[in-house]
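What follows are several structures.
One chain, chain A, appears in both complexes that follow, with chain B as partner in the first and chain C in the second.
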Partner chain A sequence: MHHEEADVIIIGSGPAGLQAGKALISLGTRVLILEKESRPGGKLLKWDSLFPFGEDPAQVLSTLIDGLVPCLRTSAEVVSHSYSGGMHHLETRGGYSCSANALVLATGFQPFDARLKEEYGYGIYENVITSVDLEKMFSTGRVSTKGGQIPGRVAMVHCVGSRDLKAGHEYCSSVCCITGIKQAMKLCSLYPSVRVHHLYMDLRLGGRFHESCYKEAQVKYRIRFIRGRLSETNPGPGETLEIRYEDTLAGKPARMTVDLLVLLVGMVPEPVKCFNEILHTGADGFYGDGSISGGFAWNGTPGNGFPGNETPGKEIPEKGTPGKGISPDANYGHKSTGKIHNGDGDFRNGSAGPSGSTARSSLFCAGACTGPKNLVQSLQEASAVALEVNSYLRNIPQYERLYQDHGIRI
Partner chain B sequence: MRADAQNLPWKDFQKEIAGDHYFYVRSCIRQNFFPGAEHYFLKILAENLGKDVVTDPRHTTCTGIAYHVDLTRLETTMTVIARQFALMNEAGYENLIISCVTSFGLYNEILEIWEHHPELEARIRDYLFRATGREFRIPCNMVHGSDILYKFRNELTAMSPHRLVNCVTGQPLTVIDHIGCHYAKMFPAKGVGGAEYPQVLAGLAESLGGRVVDYPERRMCCGFGFRQYFIRSSRGYSLSCMYRKMKALEPYHPDLILTNCPGCNLFFDRWQYVIGEQTGETFGQDGAGIPVLSHEELSALCLGYDPWDIGLQMHQVDVEPLLDKMGISRDRKRKYAGRGGLLLPEPEIPEIMRVF
Partner chain C sequence: MEFGFKLHEDLLVDHDHSLKTYEELLTRVPSLAMCMSCGSCTGTCVAALKTGFGFRKFLVLLRNGSHRELEQALRYCQLCGKCWLVCPRGVNTRKAIIEMKAMYENKSADKIKADPGIKSITQGKAIHVVTQTRTG
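And now, the complex of A and B:
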């Protein structure tokens, strides 16, 4: 059995995992990145272009992966985890094992299984597809119905599996609105004759330049936005689909015949089984509890070890000066770096690490596994997590220098 | 539709259905329009399946119809339903079978409300005690009548001499299933197979040898919808719902429409005739209608009970084309015979929609 040791093991080689790895390596840390699939890149491999400017994900990936290849272990799905002697020990399905002082989970999300919304017809009608399927079509350069026709009328349904009690996911996945708008514009630029209709509950376009995409979609591409939710999909004449929805602005039930129905699927948490006992999830199923202080406290005791919380009413350290003068065992005001403190244990070489480290205190989390976020947010968070990990490992406050070196806001 | 469309994630969803010792509450309308249905349901349970089932003549309407047309207050409805629970407890039972889909939905709705508002439940307990001196416990298991027949579908099929199979060609008969809206649309987890593609009737029909087809308006309301039907001015809307459904299922040439809700059964049966009178259109073969059966009637028919004892002659759409296809023999003379063989006058033959 092949065994390796490192300072940090990152589970997941999506954008967050790669960014965290890159940052940690630049800090002089020995890193291993485990990827369960045969290729690194995570969801970046599934997209044809990125919002808001249609950048090429392959290019983003190649930048991220640059210099990381020696650290990457693909087809390495983690199946067991243990903690002893201040080290995390992982075993993968292929029999490969590794150990490290700290772990970063960057396991991302899964797209919602649209079949669960049976009334929308995914898996029932050929021409009902998801946003993930549409990206796949884009990457082949051709979008067509199952029968090979160029679609004349397309409807895109927002919030599929998000903000949906019946689907069990009450949260907003935050990226589907802009994904749908990006895809609609791409579709219109590929086939100028296509008419795209969006069925939305409300549009959540909080990201930078997302609103301008929305405007461009309406002004330049004449994409129609209908406030209403799909109630059900039925087969229409020939290859078409007849969709039934309510136009809530007009206050009327309505129908539309479309050639292609695109379901903008949300994000679903995918906790790694072997961490179920030590990692806690919020009500939404993502790691952490989402509170500013509790974001660190997966063991269910919010504020545990978090200096800002020990004294009620004390504010989070100001941006730009985190960590200064506070013990390295503590965490500083980043919402979802997800670190747990306290407890007994040791650390490599007995003195290099913070005293009292435990399996939980050396577990970190980055990217969409702590809640829906877009690529930019994931990368930003991963950089911040890397600083936390480094601080944990080195037991020295390095934030100030790193901030200057990398221009990373934390 | 895709060939593998039956690979639906909810399809295998099963709810808990008690295996024995049931208290049965009847429907207000089922036995009026389809007089054999509930009688044969109880007979099948007690005699064919050997189950312990009782009903209490003191039980009343659940007030569902009045509730849905805003004639009763919610508290009144709750108290009436609490009384049914009390009767069940007094009889020594904890598993409730509900005949009517409207009632089934209403019972579930009330239990759900009580879960969120225990203070309301406490108030209802007080009302019931003050009005009748009764107390009640919430049922351990509460299901619809069709759930029971679904649960025992394999046993029923094993003891049935007749199948949903064309006796001449050996091909399965084509069945359209129509589930009452209140069966699972409000609470998907209360329905076998969820809300969109419920398996409760499809499972029964397939077990009996039939082929269930999917059609565009499968989930659409039959048009009963209380406010549509009971308010005269909106009856046209009610009828237009049924017309749309019939037009949607017509191309599939069904041999049978199978329902689990008394209202739906009534509407599919009667409205086919009304549509015939209004538009001249009929949807079955050779000017006939498409026979409509409820889950109880179908089970009783397959088990070999006499169709005229089950009360199938009381249907507006003649069921004889279906009986012929299934190869069920019957005595023509008994079709309109009353109790003790007394011959009753035969109904008028309508000009539209063929009667055999």
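And now, the complex of A and C:
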């Protein structure tokens, strides 16, 4: 199979990968985008409409993909990675291989497997579905119970697989609240007779215009918000389900009969296997450590000869001993300890700070693979990462390029 | 027959019940739909200090169909309107309380005849009821 070379390889053709690719091409770099599925677009292909305004994902995708088709390699799942001669070498399942100076991981996330929350009944009762399933139903234009009826009463459960130690994910997935509200409004506009109830603990609506979606749901669609977390799902009469929870604002146990139960599933990290040895993940399993100085482009294991550290004239600060250099490829492949911030916290090789004296990584991450984020945040991050990649490739100290572009003297 | 003990009232809230009363009130006070249960109203309420009730809870009781408890709790509102001043979403709480009171007044004439419990409250045993509600 054939081999290709580029300046940058982007793994993943979801919104973050495509946006980073677009930005990098506009900066004059040669880009390759690898997609493991047969179609580019990532999770954009799975949604029927986008919050907060219900935009069509197909339209967003076609704008993103415009001009990128020559760079896209589909059905190209990366199975092995090596680093030599200042280049990253990747091999895919199909035997295709490619090399580049820099690598951007935009590998996204997976929806939480709701079957793991057994008490919620997903996979046991047919009328328990996830937000992903509901989105699929929206695409077909018809939402119905398994028996083909239009649901009269629907409950939406927040935080399924999020903020849950037993489910293995203690973080907030940040997009489920607004997704649930978007879906509830869509459901009510499709079937005005349907009554939607939300079971929430807090509503985390941090994004722009998300709060106005909440208000619209309350005022226009009369969607009912009940504070409490679902405890259990039981079969009810006929096709229905009986759910139990506490109405925590009333301070009393409560029950409800529903025709359809929608579980708003969270985001689960999906690290790429062949990078497990060299990439650091936080306690939540997403790439990076979430610190501000760690940034969105970072070197997972400072001081162990990480790819990119061979940049001439630059040294890697080892943990607690700034300036102590280690030769390239010295401990390459060394398992990350996850303790990149001990010592005096001098780690800042990847991205942060205008300091040109620290070594820089040639490995970058963008999008939801560095933690739950919505589409807008992913696109913003991808654009910023593209600037970092460009400044790495051209060996320009961080941010100086930005300043130059804006005519600022530093 | 007297067994020396009483059955505890079922505390389970049944959310299948009809929201007719709440929806009727919504047509008169549309801003009610905007409540996000922040509790600013209760925090500022002078009656809440002594009774534990406030507008946020009134609304929960109404939506949960706990009419009896609500009718009793509403008696402590002095209609000062402080809750209306602090509400961040601009819910017309004072009007909602007046409308709720009016609704119960129209309906309770029959109830007072039928239910000696409510009759006794109207005869000035309010404090007793509060104690019951807070401990129960």
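Following the convention adopted for this analysis, the second predicted complex is superposed on the first by the 330 of 410 C-alpha atoms of A that agree within 3 Å, B and C clash if a C-alpha of one lies under 4 Å from a C-alpha of the other, contacts with A are read in each partner's own complex, and residues count from 1 in each chain.
The rule is short, and it goes like this: a contact is a pair of C-beta atoms (placed from the backbone, for glycine too) under 8 Å apart; a residue touches a chain by one contact, two chains touch by 3 or more.
Everything numeric here is computed off the predicted structure, so don't read it as measured data.
Using the contact criterion defined above for the overlaid structures, shared-chain residue A:T257 touches chain C, although it does not reach chain B.
Contact comparison for chain A: of chain B and chain C, C touches the greater number of residues. When both complexes are overlaid on chain A, the residue A:E5 reaches neither chain B nor chain C.
When both complexes are overlaid on chain A, the residue A:E77 reaches neither chain B nor chain C. Once chain A of one complex is fitted onto chain A of the other, the partner contacts of A:E270 are absent, as it touches neither chain B nor chain C.
In the overlay built on the shared chain, the residue A:N234 is in contact with chain B alone; chain C does not reach it.
Touch criterion met: A:D247 reaches chain C, while chain B stays clear of it.
Once chain A of one complex is fitted onto chain A of the other, the partner contacts of A:R115 are limited to chain B, with no touch recorded for chain C. Judged by the touch definition given at the top, the superposed model places A:V219 against chain C, while chain B stays out of reach. Once the two complexes are overlaid on the shared chain, A:G123 sits against chain B while remaining clear of chain C. Chain A uses no single residue to touch chain B in one structure and chain C in the other. The touching residues of chain C, counted against chain A in their complex, run 11-16, 26, 30, 33-37, 56-57, 60-61, 63-64, 66, 89. The touching residues of chain A, when paired with chain B in their complex, are 113, 115-116, 118-119, 123-126, 166, 232, 234-235, 242.
Across the interface of their complex, chain A is touched by residues 1-2, 4-5, 7-10, 188, 194-197, 216-217, 219 of chain B. Note for the complex: chain A touches chain C at residues 197, 203, 214-215, 218-219, 222, 224-227, 247, 249-250, 252-257.
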